[in-house]
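Quick one: this structure, given as structure tokens, is what I'll be asking you about.
As written, the chains take the letters A, B, C and D, and residue 1 is the first residue of each chain.
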Amino acid sequence: MKLPAPPAIRTAAASSPPPMKTVTRRLKFESELDLSFGEHVAERAYGQKLLSCIQCGTCSATCPLSHYMDYTPRKIIAMTREGFKEEVLNSLTIWLCASCYSCTVQCPRQIHITDVMYALKREAIARRFYPPKHPIPVLARAFFDRVMHDGRNTESRLLITLYLRTNPFKMLKEAFLGLHLFRSGRLSLGREHIKGIKELRAMINGPGQRKEAVPL
Amino acid sequence: MPESNGHDAPRIGFYVCHCGHNIAGIVDVAAVAKFAGALPNVVVARDYKYMCSDPGQELITTDIRELKLNRIVVASCSPLLHEHTFRVATEKGGLNPFYFQMVNIRENVSWVSDDGKAATVKACDLVRAAVRRVAVHHPLETKRVRIHPDVLIVGGGISGIHAALTLANAGKKVTLVEREPTIGGHMAMFDKTFPTLDCAACILTPKMSAVKNHPNITLWSYSEVTEVSGYVGNYTVKVKRKPRYVSEELCVGCMECIDACVYKEGKTPDEFNQGLSKRKPVYIPFPQATPQVVLIDPETCIEFKSGRCKKTCVEKCDRDAIDFKQKEEIREIRVGAIILATGFKTFDAKRIPYYGYGKFPNVYTSIEVERLVNASGPTSGELILRDGRRPKTVGIIHCVGSRDKNTNRWCSRTCCMYSLKLAHLLKEHSHAEVYNFYIDIRAAGKAYEEFYDKLLEENIHFIRGRVAEVTDWCARPEEKDKLIIRVEDTMIGVVRRVPVDMVVLAVGMEPKEDAQDVRRMFNISCSTEGFFLERHPKLAPVDTFTDGIYIAGACQGPKDIPDSVAQAGAAAAQALSLIDAGEVELEPNTAYVVEEDCSGCKSCLAICPYTAISRDEAKQKAVINEALCKGCGTCVATCPSGAIRQHLFEDEQIFSEIQGLLEADEPILTGGQA
Amino acid sequence: MSYLYFPGCSLRSTGRAYEESILAVFRKLQIPLTELEDWNCCGATAYVSIDENRAFTLAARNLAIAERMKTNGGGDLMAPCSACYLVLEKTQHYMETDDGVKQEVTAALRRGGLDYRGTTKVRHPLDILVNDIGLDRISKAVVHPMKGMNVCCYYGCQVVRPFETFDHAAYPVTMDRLVTALGGKSIDWPMKARCCGGSLTGTIQEAGLRLNRALLKEATARGANIILTCCPLCQHNLECYQKRINRRFGESLQMPIAYFTQFLGLALGIPPRELGIQRLFVPLPETDGKRKEVPAHA
Amino acid sequence: MTTTAEQKNGWEPRIVAFFCNWCTYTAADLAGVSRLRHAPNARIIRVMCSGRLDPQFVLDAFARGADGVLVGGCHPGDCHYMEGNYKALRRVRLLERMLDAMGIHRDRFRLEWISAAEGEKVKTTINDMVARVRALGPLGLPGRFADWDREMEELAHAVAAHTEDVHA
């Protein structure tokens, strides 16, 4: 069984001769775009500055992960601004962002790119715009559930949930590491939970909170 | 001619300007006119497309004559723009020009509102206030003062030099004050100039010696302005002349003292060469320095430090020009106009640690490279790096400290072009592969685009992307001992690692460190970036808000040589037009004392910054010297018995304005927006 | 000076040695710590991917409790895990600068009977130790100077970015100054604050492994015999995946990765067991520079 | 923020602004030229210098129905007339105490240093001030004065009546 979403990273040197090219249409009609997408994302990312991007590429160059992305962060901003919603929300880029904030501190327009990525992740999760069993949304969801349940997160339980929901076989692969962590006292299976869980749930699930498109 | 003694019942003419769509697009001008027409004392209320046009002004003059108006109110743009225009129109109609009041409904209303209803209400309030105010206006006489014909120019870079020569050639006496030991400024440091590749020294030094030799120019180098007082046409300026410890009159610039200095080699980083070479305690900044006079740096000279030097320099000088006892001097001059051409400073590249300036020796700033490739520079024009290597690959990083909200948000305008120039020169000197890393190439001057084209054909690499970092982190064997430039090639959409031997940082232009002190001294303003603020960005680009003070060159904003020279010429022309007019009109907004109300308490005396107020001991009353009063009105607000008043800003007039603003019966109703 | 202590979930499992060493060091330096009452998970990075205001609420509950405890004599809120530190700081920041966030979060807190005025200060132990306690006091307390320790200090991302609260975003020096004060040698390297991939090692593992490989290789190339971290996730990534990186890319990396507090504890003469040294997979070099040969994990 | 009856009826704060000619008035012009749209509630009165500000202007504005008064001058050290703005500051500090004593909220009166280059600051200052005054609701001094006058009159009548009683 193969891990579904993330494709293996191929370096240039390792690539075999390219297969026969197929013809794909690259033309984009305005009617295929969502022109309100840029402002919508800017608003949700507290990043009204998103629109002031000058496409300098500092974000892509400083990003430690950009060379594994299908679109560099700069392209994601351009595409978001121009309404390429489908491509952006389907991209691997938003899931590869590790929230290291390098782009945010170096951006000459002070665009909070990391927050833009979060906004895109939220958008993608809410609209189910990701491959089934993609581990990151699942992890986010599992994390959310854990915290709603106990108020704290027990890493071991979180990981087990993650693997059960995505790829149970991977658990076996990770088992050795788990065993080591367990032996050195770095993995506890006991559940941590808080006393004020009732109040916490009241805060999180109160009437004022924004309703997500997908019930959590 | 109608009576204008101010005792008549007011007959007010009101005019509201459409200013095309500028005002009428938001404010309902017809409604404003109708509203004004119903106000007390208003005889006629009109709206017109452009009040400042001839027919617009004609309306006013005709109405004054035909309708026997004795007060005028115009609601249009800012009084800072057209108050004078309408005062003249009022006067043309036969009234005293100060029977006029202006309402600003463009800058203060239409341009800052998007709700037409609220804007119209606001305009009506302001109009009501002005109508009330003008009713209590008085006729006033303007004051005229003579203008001193001499001009002071501060800063001896290319702008100051050009302005000085222009004025001197027109027969005006000019004093040029330069802080450094030589004039020439940044331009003197450059190797070649874009896009023609003229040698900077070749075109600049003739102008420098022209300054030195011009009978109408007094050149005070190594000097600084310390104090400015007075007003348009009559400025008094104190200048500090720093000691060179070498007599300017005696020294002929033979430089034998430099050879004779007990220091065999220079020990101090040479300022002119950006620290890339060393100079001695006795030195001349560069061979063509103007004036051709050496100077001694007391910080490093042994005689100053210990008093026990052999003084070989003194021995050598057959003109006895060296004088260790020379003292700082303060000179005072009187001038009618002042041109500030104080220039810029380059961005401190250390502020962006990502580019490794100061950490990696082979990272240079552009100005350092100018010296490095210059034949009279530290390496005599050989491209030898700080570590002794000769570069095979060079990366030029654009926009360092420009277009970046983390440092300076403005475009420095010159870096694209000088980077192209340096790319050309570096390639010419070293046959290296040269990379330009740019965000946008801005080549908008005459023959600039053609220069860019030439560079492309020279096979210089142009990578569109802002560099994220310069590191010594090598990921491949071929990257060893190189500086790695990491950048996204945005045209291709791929992140690239470019290993180079030399990095050139195209640093931007910034206001001088002490721009704020200078502007305070000359009583002018700075824009938010810190450059000197012009009176109007389009129509008064070399004037300031202080009459008689003009600005030229990069102290006003980043500029290249052609633009600096053009602006310097413009500033000289403005100064000339002021001086040749011979005299100037002053706003009659001075303070005056109503003697019978004055209790002689002396509260006002200390408050006046211009010592315009004194006390008549015989009468025991305050007296204001109108010539010294500048019309701030602070004494008026201070006087406990209300005995001091201010022309044009009488208490009564301001209270009328307040009343007019607030006497609406109903609270302001707007669309509920804020 | 006393501090409120927010352990966060990691310090109770994978980061246990971090907690043990923090507590031991603070005890040794006689700086009182009080655990935040009934703290809850900060929300980490995952939560923000679902709903930002709920994530802020989650973090704000801790800030509100800290504020309450502060008025009763507690101090600044210390969060040792970089992710917790940033999430708490970010919540504080957006509550200060964004009215929308402030209103929603305040309303949510009220539903749970809490109120937050915005006075809590979030601090990292590195900041506290170096800037509050001071290197003078610390170096005076050193009993085992860390000679022979050639250290690459690794700050990771979220302790310095994006807010740069106490050090530069890409070239921080606080930990290096501490290492020097303890007698170790700090090595300048360009990856001090370059990302380790965070949770990518668990999700898109190939990318995560590559990031860690670059870090480990560069530190090795610059002659480091230990990397110090100040974040449980960085420590976990750099240490636990070494074997896998070696297998996958044909490397032979063997780099001990310790918490800076463990390093500090050793210098202060605290017994290794109290610092959780035994929980590390790659053994530390001896202070004379030699390293014991002990097999790393599978 | 509470919604008062006046707000429901479309009440809008009225702000009188005294701006100095050289810095703040010029900044307001710059805000205009830069099209920095802001709340339409401020009415600017131009004076040559903030030092010209007579405290009576402020009191008069409040008495005539202003809900807030804003004073704008050059930054300290930047006064076109050298130190008029310091004089303004001194006066304003005294005035503030007086306004406190009169029960006029601090948010209703404000002194800001705004240089000729700070068009943006004109916008944010006015917006912020309008928001604060809006939150406070109308000051309504003219109305209150009218009420007081009426009350005093009634009181006088009552006292008169009462006195008659006593002497009766």
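Following the convention adopted for this analysis, a contact is a pair of C-beta atoms (placed from the backbone, for glycine too) under 8 Å apart; a residue touches a chain by one contact, two chains touch by 3 or more.
Just so it is clear, the structure is predicted and the values come from calculations on it, not from any experiment.
Listed here as common contacts of chain B and chain C: A. One simple way to say how far apart two chains are is to compare their mean CA positions; for chain A and chain C this gives 23 Å. Annotation: 35 Å between the Cα-based centres of chain B and chain D.
We define each chain's centre as the mean of its Cα atoms; on that basis chain C and chain D are separated by 51 Å. The set of chain D residues that touch two or more partner chains is empty. Touching of two or more other chains is recorded for residues 102, 105-106 of chain A.
Annotation for chain B: residues 354, 469 touch two or more other chains. Remark: the chains found to touch one another pair up as A-B, A-C, B-C, B-D.
Those residues of chain A that touch chain B in the shared complex are 54-63, 66-67, 71-72, 74-75, 102, 105-106, 108-110. Those residues of chain C that touch chain A in the shared complex are 9-10, 12-17, 38-41, 43-54, 57-58, 61, 94, 98, 101, 104, 107-109, 111-114, 157-158, 161-162, 164, 169-170, 194-195, 197-200, 202-204, 206-207, 210-211, 240, 276, 278-281, 297-298. By the touch rule above, chain D contacts chain B in their complex via residues 6, 10-12, 14, 16, 22-23, 25-26, 28-29, 31-33, 35-41, 43-49, 51-57, 60-61, 64-66, 77-78, 80-84, 87, 91, 115-118, 120, 123, 127, 130-131, 134, 138. Across the complex, chain A meets chain C through its residues 5-6, 8-9, 44, 46, 64-65, 68, 95-96, 98-102, 104-106, 112, 114, 118-119, 121-122, 125, 135-137, 139-141, 143-144, 146-147, 151-156, 159, 162, 176-177, 179-181, 184-188, 192, 194-196, 199-200, 202-204, 206, 208-210, 212, 216. Residues of chain B touching chain A in their complex: 354, 399, 403-406, 439-440, 464-469, 486-490, 493-495.
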